Amino acid sequence: MALPANEVENSKTKDFASNRSPQTEHHEHAHEAQFGEQLVNAPTESSTGTGAAGVEPQRTSAGLKKTRSALGLHPEAPIDPEHDTKQHQDLFWSKVKIALREPFAEFWGVCIMVMFGDGSVAQVLLSTGQTTAPGGNGFGAYQSISWGWGIGVMLGIYVAGDSGAYLNPAITFTNCLFRQLPWRRFPMYFIAQLLGGFVGSGIVYANYISAIDWFEGGHGIRTVPPAAKATAGIFCTYPQPFVTKASQFFSEFIASSLLMFIIFALKDPSNNGVGKSNKWFPLALFFLIFGLGACFGWETGYAINLVRDFGPRLMSYAVGYPSEVWSAGGYYFWIPMVAPFCGCVFGGFLYDLFIYTGETPVNSPWFGLKYLLHAQKQRREHLRRNKEEGLV
Amino acid sequence: MALPANEVENSKTKDFASNRSPQTEHHEHAHEAQFGEQLVNAPTESSTGTGAAGVEPQRTSAGLKKTRSALGLHPEAPIDPEHDTKQHQDLFWSKVKIALREPFAEFWGVCIMVMFGDGSVAQVLLSTGQTTAPGGNGFGAYQSISWGWGIGVMLGIYVAGDSGAYLNPAITFTNCLFRQLPWRRFPMYFIAQLLGGFVGSGIVYANYISAIDWFEGGHGIRTVPPAAKATAGIFCTYPQPFVTKASQFFSEFIASSLLMFIIFALKDPSNNGVGKSNKWFPLALFFLIFGLGACFGWETGYAINLVRDFGPRLMSYAVGYPSEVWSAGGYYFWIPMVAPFCGCVFGGFLYDLFIYTGETPVNSPWFGLKYLLHAQKQRREHLRRNKEEGLV
Amino acid sequence: MALPANEVENSKTKDFASNRSPQTEHHEHAHEAQFGEQLVNAPTESSTGTGAAGVEPQRTSAGLKKTRSALGLHPEAPIDPEHDTKQHQDLFWSKVKIALREPFAEFWGVCIMVMFGDGSVAQVLLSTGQTTAPGGNGFGAYQSISWGWGIGVMLGIYVAGDSGAYLNPAITFTNCLFRQLPWRRFPMYFIAQLLGGFVGSGIVYANYISAIDWFEGGHGIRTVPPAAKATAGIFCTYPQPFVTKASQFFSEFIASSLLMFIIFALKDPSNNGVGKSNKWFPLALFFLIFGLGACFGWETGYAINLVRDFGPRLMSYAVGYPSEVWSAGGYYFWIPMVAPFCGCVFGGFLYDLFIYTGETPVNSPWFGLKYLLHAQKQRREHLRRNKEEGLV
Amino acid sequence: MALPANEVENSKTKDFASNRSPQTEHHEHAHEAQFGEQLVNAPTESSTGTGAAGVEPQRTSAGLKKTRSALGLHPEAPIDPEHDTKQHQDLFWSKVKIALREPFAEFWGVCIMVMFGDGSVAQVLLSTGQTTAPGGNGFGAYQSISWGWGIGVMLGIYVAGDSGAYLNPAITFTNCLFRQLPWRRFPMYFIAQLLGGFVGSGIVYANYISAIDWFEGGHGIRTVPPAAKATAGIFCTYPQPFVTKASQFFSEFIASSLLMFIIFALKDPSNNGVGKSNKWFPLALFFLIFGLGACFGWETGYAINLVRDFGPRLMSYAVGYPSEVWSAGGYYFWIPMVAPFCGCVFGGFLYDLFIYTGETPVNSPWFGLKYLLHAQKQRREHLRRNKEEGLV
């Protein structure tokens, strides 16, 4: 009798690198494929009873599934099935952890990203020209900030692997638009990301509070650029004074387009220039973010992310910075809220238009307008089916 | 009955990392081997009817094949066969996308490379000495430019994986000469690369237009080095004033030779120092380009690439820089057009002469002169055969 | 007859990359899983007689096992079984080497880490403003110190692979608390790490002794910050003068929390953002340490490690620095001893609370208080069993 | 009937990553194990007639084998067997290429290493303080030199993979002493490396000749440190004036020890901290060399390599630098010739003493003195056997 192919497959599951059951792998790939609708459906369907060999048919409990659906998340939490034990499901906190798995991941990812990013600005800005530093000229230069944000994004992606590590609502949005990530994911992701930016920048503020007092020249003095000793620029971005409104918008727009275009390339499994695994992705993002900081970071501070700018801005206003945080640069604050969405959508559209060959609205008749309608119908159908199964 | 070996092979195709049919793998390797003639022929031949198990025998439609042949591209587009569906082939834009697959890839690769590269020069140059920067001394130093070009090339390679990611006509040329890349590929690649350089630098100009006005000291003032406030150096290279003509040429020549020598080493699957996969290639190129900028970037600005220099030069002339963009440095502009070709051919020749053991003209009698004649005969034969099949 | 699955497995053992017996692999994974108790038990049990095919049942000799147990180490040394030959076991020094395998690894790991780290501070500080340097401004800037510590940690991890490469007693401690590393490992690891810090910084002192004389302005003059020409800051950390006691503690606390949180993420095999192999770990730690230096390194010098700070401090006191090494900064020296432990435990707790789904006290009733008691009972049981086998 | 295990093995040989015959793999591993004697013997023995399945028994022709033996190289050239065709062996130059394979690889490896390394010093030194640079302060800082040497070593290793990529006679020497690399390899490797250093620095000189004239202040003026405008420091190292002779030696000694210790760790397949493949080695060496430059590069310029220092020194003397290249720093020139050998041997000894468990003289009675005698006897025996086969 011949050896069945799947036994060969199974013989590998003893290996550490692949000791996850096929269904988990499936989940992983769902993430890698950026939550393609059909992939995301698959586990739901398989969980209704087909029972693939060796996988317990009922993973996440029915109650949790409903909670997760209500939050807009996929009913099945992205959790290692070996860890999804009965014992876990009886603990209150474990239930919370499973229910809020992706929001927790996004929260911590953005929090760590902002801690490193804002931390690097704080250190370079506050120590400007300090002659007692080794080297005699402060604790870092502009380049340290490129390092800080690059490292922050890289480590944030490592931490937030279970949610897809979007870390940016504009990127979530573009994935909803072009990569079949369900729109109902967006709100919870957005809230988690925004909170992450708020908390992360708050920790940086707490850490540097005595240094800020020292730099501003007195306890509790807080100023906003273009004041001479302003420290508000540690937390959120303020444009260079000579940049026109149009240039402000264009600068954020073009950097966001580049960001999305290249992320789509790096996540495209059909692009021969990219390794088929996701292992290189965090490192590549380090270089991408470093590059954006070194090449498009001067005029407007390359926010390219609502939560990285608005979250810390809110925090800085809350802890006592004056209302110039909103009015500075001609009420600049709305640009890093709006431009990243426009830029990311445009960048994603360009990639799909010129290079992507997979499933995307752009690769369908009328560049996706028909597809969008069709997808909506399909989603409604899917929702109805889930309702019958009592999941949503 | 024993399990046939290829069933074991197939059992793996469920894995995400290798979920492409054998023929695709073949295609990939064709790229890895830099379009060796015999490999490029293979899919054509197999598509005439042998029909490997599980692969549809007729992928790209006959009409598209003719168009692609007419453009000098390989009749079969490097496209994931799973994505090459009937649905695609009925859409007008998808047909364009398949027909112009490699030119699109080269265009975007060069465009992104130049955006990061020129962007970094713009940021460092225009913010020189700005004391309001964090750190008090501008938004970057010379090293940021090494980062910018290194990252640009790295990300350009990721994006342009489907065309081989040459990004440089001198590298395409040397691959035609020594690595059996058909010469008829060269023109379309060249046009796409040149357009990429033009457009990429144009975007940088648009992004920094208000900053350039501010730096030059007035709206619309545009000057060329060695003027005191010249900004033309953002886009293309101008030599240091003390460098003689011969040194100008030698500097570009030697940097191009190094570039090609090391790329050939990195792409040589028989060199034991190099990983057998292409995964490390983009990162290694980052270091290579960074190194060239740090070690040979001063005298002439390490253009080492016609399209990176001539494209942006043309753009800068078009948007209003004076005619000194051509005459500066003793009509220096032709050196970064010619020297990279000479340097790359020389560097490739050296590698093949001393280290390469694979198929190359240099490894044949009379260092390839005979081979070239033979290859031409072979190519004519191949062309004739294709004509009979109605492909060209 | 079918091919047994494990034969397929074995057919791979000819490959270089996996030419270690299954038991070795097991050992490796034990390291990867950070010495989970159940995994660490496994080899012990298998060594009592089950005798997996192809593995000699009695590896480490009984005498060595007792010695190792007495030192608090696992009875079985983490040594390639092919190298654990009879010949080895007869040599006195080889016995010492096997008995002290993990302490040796930790010692050299920390020693190398401190050599690079302190060496970079020495070079940047002592050459501050030297105009004869290439570039005219010293041999490095603050950023070199980020490089130095990042590279030191990376290379220390490569060297200390056989002990788990903790290199930091706070990290060892947190692994004991949350990852089932037996507590009796802690003392020997701690001693080895502390000696490594002492010796490593001593080598740096010996290397730069004439430069320190030159910088301080006379043979044997040694001063401590905030003296103008102080060099004590080369070896251990001294806080910025304006930082309050609370901020000092908070700065070290927050950096240690980040360190532990991210290391737990990078070592979590269930986190989808992390490659399943350990290959990326040293590189990721380079970026993590670089980032901590660039973002949280100013106020207190990011010691985040008792042995990196206390070891060199002791060394500098021993070689003649005045008693201000202890009293400077308001007897600051105790903060980098205590804060890293608090911070690492807190950071590890946060990761386990919000993201980790594997076995950890935090994922059990009462957030682990019950678990701790249970674990202690289990450990006592395990100890009793080992005693019966005459191992401890 | 069951599937034989080796058929499964073979079914993989279609994969690109492993499309080399088993013997080639063997060869590769020989390199990875740094030419362990027993591995190096293996192909010789198998070539006497056992004829492993699928491998042609007579690869390198008898004449070439004799030539290679006479040069001290292994009779079998490390060449992809698919490329070792009849056609090759009939061409004169291909014979030369096969005969001198390792020397060619070492030559180009060192040449590229020195081109990047010396090139970076040249650019930083000659452009010191140039205000027309983007950023306003020269084309690079001291850190660029760390980048240059790190990248040079990394790319040199990629290029010189077929010879083991030692690039440093002290490393070759230590491998002969501790890793069973035959001593008769040393002379040819040494000559090739020295020539590489000479030629590489000569190319840098040719490239920067007009800039050197400009910097020194006149055509043909060449001075040596500590002259104010000295440029000799571009090519080889000169110590800081305040460093004593003992500190000079110690600085080179300790950096060389670190170099060798860490290389041995990175090449130790039994060290769990290191990936089992060689893919990470070039990148790790980049960080190692960068670290040595940032941490131990100030006092004596971290030559740590005879050919990197003596080769360029000879070149600079030959092209017209005065005799101070030898006498400067109290006839410093001999220190970077001697200290690297002492340091590398000491560093290798330490690694073998404390961590290495594989075959090394240190792991044998009397710390290898007996072993050395034994090995010599064995080598004589091996030589005698080869003579009978007419190889040497």
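Each chain gets a letter, A, B, C and D, in the order it is written, and its residues are counted from 1.
In this text, contacts are C-beta pairs under 8 Å (C-beta built on N, C-alpha and C of every residue); 3 or more make two chains touch, one makes a residue touch a chain.
Since the model is a prediction, treat every value here as computed from it, not as a measurement.
Interface of chain C with chain D: the two copies contact each other largely through different residue positions, with under half of all numbers used appearing on both sides. Comparing the CA-atom centres of all chains against that of chain A, the greatest distance is found for D. Rounded to a whole number, the gap between the C-alpha centres of chain B and chain C is 43 angstrom. Spacing of chain B relative to chain D, judged by their CA centroids, is 31 angstrom. Residue positions of chain C touching 2 or more other chains: 1-3, 8, 28, 138, 140-141, 143-144, 277, 283.
In the complex of the two chains, the chain C residues touching chain D come out as 1-3, 7-8, 10-12, 14, 16-18, 27-28, 31, 78-80, 82-84, 87-88, 91, 93-94, 97, 104-105, 107-108, 112, 115-117, 119-120, 122-123, 126-127, 132-141, 143-144, 147-148, 151-152, 154-155, 157-162, 165, 203, 206-211, 213-214, 277-279, 282-283, 286.
Against chain B, the residues of chain A that register as touching in their complex are 1-3, 5-6, 8-9, 25, 28-29, 32, 121, 124-125, 128-129, 138, 140-146, 225-226, 233, 240, 242-244, 247, 250-251, 254, 258, 261-262, 265-266, 269-277, 280, 283-284, 287-288, 290-291, 294-299, 353-355, 357-358, 363-365, 367.
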